[in-house]
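The structures considered in this document are given below.
Two complexes, one shared chain (subunit A), two partners (subunit B, subunit C).
Right after this comes the complex of A and B.
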């Protein structure tokens, strides 16, 4: 019985992982862009970016999902459920990680920026070679932690019928009425990813603390 | 993990090439049209490598840190700037490469003239920074790059030379400051004295005509300070134009050609170091020298 569920649930887990990868792949670069905008010296740009970030962080992930899936088609933009899920989680990821990354960028000591400036290295190169590499390194453990959270948040997209892990478990439950067992099994599968993930992020934090 | 790193790295790197961002940077000079104002001062510019500061004023809020200071550094000359804390020595030095933007006055460096009243173009600023190397009290090496990359990267980005060429030159310079064997290490694994010598090599790699030293040994214990001072003495002996803010009185007396004593944002007196050390004109200078020499 449980053996019959496993292939279906693993398929759902695969979808959850793909969705996580899509959300992070789009969301982390977005987070970096927003972080750079929020740290800009141009006041107008900074205000707009910080406003967007606060809006993004203030909107629950489930609401963001509904806006993209049900709201955007009204504006003529229709995506598949999977793509809608990816876009909405990417937006949430971007908003949250931008604050994490901004903290990392601002942890780069002022003296290094002065030295870079005194050497005649321009702003863009200073960002590219000095600030961003170090800032991301500082932010990496927190970003890994957030990645685990977003993996768990993919369970929300069962509400728009994406066949991910929770969706699969739910449909098995509705056929067999063994909700407890199948949801417990799904929970174990989430944990099988998140627990090693947390351990990895702890390791990374430990390793990175050696250099910078 | 590698793919995650790649994902978070590649896109911003690409984007960074297209979009102009400003991080919260040290105050930069606004970029606008260049205005060279030769002949604005009645004193003509000397040969390349010289610094001439005219009536420089720098305020932080209401506090006047540098108050109407004029100072020359001739090509090949070593000028030491000494004085009590808060005298404005470092601020004055930082005005030379416009890390601090003076509120009024004229900075004339290596034949490029900057008037405080006129905005400086990014191009002129880049030219100025190429002519002037700076060494900081806190070294300010880039901790995520190896020693070799610390010295090579600025050459690649500022001079536009190839990585191979830059690294060869970096090795030569590291050898010169006695740290060739540290090339593959990270700065964090080097002592303070070694880090400061690396910082000197990093600045020299860009071929500056003038070197500014802002209390280069103040963060070092005395023994490590000596190895930095030795490099600086060598540099002076080779004829590098240098302006050095320092609390190292022996260095100031032995190595400098010209001594400037500052207090309260102004120059108390200046001239031959031996003369000032043996027979200062100003009572304030005498008081300061007694305090630092009698310890």
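Right after this comes the complex of A and C.
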């Protein structure tokens, strides 16, 4: 019985992992752009970006998913359920990670900015070679932690019929009526990724903090 | 549009009730859980650690499904109780971790000073350390509570009549796929902003009464 479920559940887990990769692949660059916007010296830009980030963080991921999946086709943009799910989770990722990255960028000492301007390095190169690499290193443990959260959040896309892990488990449940065992098994599969993941992010944090 | 908004607002009391219910379970249940987690006896510590890891490692929606569809096969459970139990259990684990952080933040010297004064360990915990831990934990607990308010939206997937349920209902009724969900997002954002302000004010006033 359980042996028959495993291949289907593992297939679902693969979809969950692909969706996580898509969300992070689109969402992390968005988060970096938003973080740079929120730290901009131009007041208008900064206000707009901070407003967008607050809207993104205030909207529950499940509501964002419904807006993107049902709402965008109404505006003439139609994507597959998988792509809609990726776009929606990427928007949530961008909003949350921009705050994490902004914290990292702010941790770079002011003296380094003054030093690089004294050396005649322009603003863009200072960002590119000095602030962003160090800021991202500071933000890395929190970003890893967030990646685990977004992997968990992929279970929400069950609601728009993407065949990920929870969706597969639920459909096996409705065929066999063994809801408890199959859902718990799926839960353990999530935990098998998230628990080692959070240990890993704890270790990374510990390692990086040695050099601060 | 007005009518859509009014219908969605009908879900607000259920969302608040679910948030408050889960939070009360978590605030109280987190205490024995952190006590076991910090115990010197491995027979208490290891199961407590495993419980915390599993509760946090499995996504909330999967827990709700395990309880509502899984346990629901054997015990009669309505959707609201299933959601409150699920989110309450998850909250126990998160709050136990927040308490653990708070315990670590209280200077060790206070334990030693109490011991030097001849205070028993339990009295030290309830009279000296405990009240300060409560205050130190307020900011983290408040951001958890705000996150929880948004997470209650997953209860929609098992049919709890909260905000997103009514947004979905209105989306079907009016065959408008966009605005009901956007209004739902606005309702969530409007609810979380005063919570964040209140948390900041509460933290500022309690912080004055912690010795470090």
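Methods note: the second predicted complex is superposed on the first by the 211 of 212 C-alpha atoms of A that agree within 3 Å, B and C clash if a C-alpha of one lies under 4 Å from a C-alpha of the other, contacts with A are read in each partner's own complex, and residues count from 1 in each chain.
Convention: contacts are C-beta pairs under 8 Å (C-beta built on N, C-alpha and C of every residue); 3 or more make two chains touch, one makes a residue touch a chain.
Note that the structure is a prediction, hence the values are computed from the model and not measured.
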{"item": "Fit or clash - subunit C, subunit B, common subunit A", "value": "fit"}
{"item": "First, second, both or neither for A:59, with subunit B first and subunit C second", "value": "second"}
{"item": "First, second, both or neither for A:134, with subunit B first and subunit C second", "value": "first"}
{"item": "Which of subunit B and subunit C A:73 touches, first, second, both or neither", "value": "second"}
{"item": "Partner chain in contact with A:115 - subunit B first, subunit C second, else both or neither", "value": "first"}
{"item": "Touched partner set for A:204, first subunit B, second subunit C, both or neither", "value": "first"}
{"item": "Angular separation of subunit B and subunit C about subunit A, which is computed from CA centres of the superposed model and rounded to the nearest 10 °", "value": "110"}
{"item": "Partner chain(s) touched by A:173 [first = subunit B, second = subunit C, both, neither]", "value": "second"}
{"item": "Subunit C versus subunit B - closest C-alpha approach in the superposed model, Å", "value": "20"}
{"item": "Subunit B/subunit C common contact set on subunit A", "value": "none"}
{"item": "Touching residues on subunit B, where the partner in the complex is subunit A", "value": "1, 4, 7-9, 11-13, 15-17, 20-26, 28, 97, 99, 122, 126, 129-130, 132-134, 136, 138, 140-144, 153-154, 157-158, 186, 188, 199, 202-203, 206"}
{"item": "Interface residues, subunit C side, partner subunit A - complex", "value": "53-54, 56-63, 65-66, 69-74, 150-151, 153-154, 156-157, 164, 167-168, 171, 176-178, 181-182, 184-185, 188-189, 192-193"}
{"item": "Sites on subunit A touched by subunit C in the complex", "value": "54-55, 58-64, 66-67, 70-71, 73-75, 152-153, 155-156, 158-159, 166, 169-170, 173, 177, 179-181, 183-184, 186-188, 190-191, 194-195, 198"}
{"item": "List of subunit A residues in touch with subunit B within their complex", "value": "24-25, 28-29, 32-33, 36-37, 39-42, 105-106, 109-134, 136-137, 143-144, 147, 200, 204, 211-212"}
